[in-house]
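The two complexes that follow have subunit A in common; it is paired with subunit B in the first and with subunit C in the second.
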Partner chain A sequence: MDTSSAGIQEPFDLIRLSLNERVFVKLRGDRELTGVLHAYDGHMNLIMSAVEETIMIVDPAEGGQGSVNYVKRKMDMLFVRGDGVILVSPPSRT
Partner chain B sequence: SGSPTDFLKGVVGKRVVVRLTSGVDYRGVLSCLDGYMNIALEQTEEHVNGRVINRYGDAFIRGNNGVLIPSQPEP
Partner chain C sequence: MLIFSVFKTLTDQTVIVELKNDLLITGVLKSVDQFLNIRLDNIQVSDEARHPHMIAVKNCFIRGSVVRYVQIPADAVDTQLLEDATRREALNQTKR
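Showing the complex of A and B:
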């Protein structure tokens, strides 16, 4: 599948073409998701399955020795509230 | 004189920067956008502190997160 934009008239077409595919979602609060997209609406509320969430935790320690930790968790089904969504990308096309 | 609508019509297909309030930049070619400034980008690069930290073939960016700036092609 090529990445030509000929079939995309508006941004939500990009989301529509990603239904039932694995997508990458970037959320507010330094969180990222990958999972299968099942549904979306105009608010960018999402329904996803087989989800892995990655949370970036920055630990600012004294003396400039802060560290970054990643916490991952998996969920079978997930509802994502749209106002937290920053970016959605189909990872298979990167 | 140009209205915001004229700007939006003229910038489709051009290279743009979507600058988020968080300080992250997304640089790519603008496929299309809608009245809420939801944006579809191609060949997207994610820039933080001037460095590329990620690349996406296609990206949908929710409009409320930032501003849209036209950019010159990277040398």
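Showing the complex of A and C:
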């Protein structure tokens, strides 16, 4: 397979082209991260910097729709274990 | 293998390991293996009131699969080097 061309042949190529860019990561347990991607491997273990984590906590209210609380947290340099990753989304190019 | 190498370079650094049960453990990284099992020395649990059984524990072995995050010191990693190594490994994976 010709891997020298910059095109996308397989799913991981999309992540490779997001290196050193701000990415959005959705995790198990209603967690989301945005941060600059520096490394990944086949397990989708990630190393990111300048990470902001958002945890969604749903508060089910009686007889109505519940409220959603967001807890935000910032971290400098973070390793994320791949088994918790649901999706990695490249930066939006406008 | 790449991430394993990164962790090997981080030995003797202070890290914060967050487990899937929300336990946060700060400690000095003593060793790591290919499964990303981690051995920590001189540990401190962030919320001791909530985890009183952990106060007496001074060092521990953490099974890699229960880790959610590891917060590492930002100045201990060369991000440019990391990205190059990641691209190189990605290339090797697709060639196989």
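Everything below uses one rule, namely that the second predicted complex is superposed on the first by the 86 of 94 C-alpha atoms of A that agree within 3 Å, B and C clash if a C-alpha of one lies under 4 Å from a C-alpha of the other, contacts with A are read in each partner's own complex, and residues count from 1 in each chain.
To be clear about the criterion, a contact is a pair of C-beta atoms (placed from the backbone, for glycine too) under 8 Å apart; a residue touches a chain by one contact, two chains touch by 3 or more.
Please read these numbers as outputs of a predicted model, since none were measured by experiment.
Trainee: Regarding the shared-chain residue A:57, is it in contact with subunit B (first), subunit C (second), both, or neither?
Mentor: Neither partner.
Trainee: Name the contact category of A:24: first (subunit B only), second (subunit C only), both, or neither.
Mentor: First partner only.
Trainee: Of the partners subunit B and subunit C, which touch A:71 in the superposed model: first, second, both, neither?
Mentor: In the superposition, A:71 touches no partner, neither subunit B nor subunit C.
Trainee: Once chain A of both complexes is superposed, is A:10 in touch with subunit B (first), subunit C (second), both, or neither?
Mentor: After superposition on chain A, A:10 lies in contact with both partners, subunit B and subunit C.
Trainee: Would you sort A:44 into first (subunit B), second (subunit C), both or neither based on which partner it touches?
Mentor: In the superposed model, A:44 contacts subunit B only, not subunit C.
Trainee: With both complexes superposed on chain A, which partner does A:81 reach: first (subunit B), second (subunit C), both or neither?
Mentor: After superposition on chain A, A:81 lies in contact with subunit C alone.
Trainee: Is A:90 contacted by the first partner subunit B, the second partner subunit C, both or neither?
Mentor: A:90 sits against subunit B, while subunit C stays out of touch.
Trainee: Please identify the positions on subunit A that touch both subunit B and subunit C, taking each partner from its own complex.
Mentor: The answer is residues 3, 9-10, 12, 83 of subunit A.
Trainee: Subunit A touches which residues of subunit B in the complex?
Mentor: Subunit B residues touching subunit A: 20, 26, 31-34, 38-40, 42, 44, 55-62, 64-65.
Trainee: What part of subunit A is in contact with subunit C in the complex they form?
Mentor: Residue positions touching the partner: 1, 3, 9-10, 12, 16, 19-20, 29, 36, 38-42, 45, 47, 49, 75-81, 83-84.
Trainee: Mind pulling up the subunit C residues that touch subunit A in the complex?
Mentor: 1-3, 6-7, 20, 36, 64-65, 67-74, 76-77, 79, 82-83, 85-87, 89-91, 93-95
Trainee: Please output the residues of subunit A touching subunit B within their complex, sorted ascending.
Mentor: Those in contact with subunit B are residues 3, 5, 8-15, 24, 44, 82-83, 85-90, 93-94.
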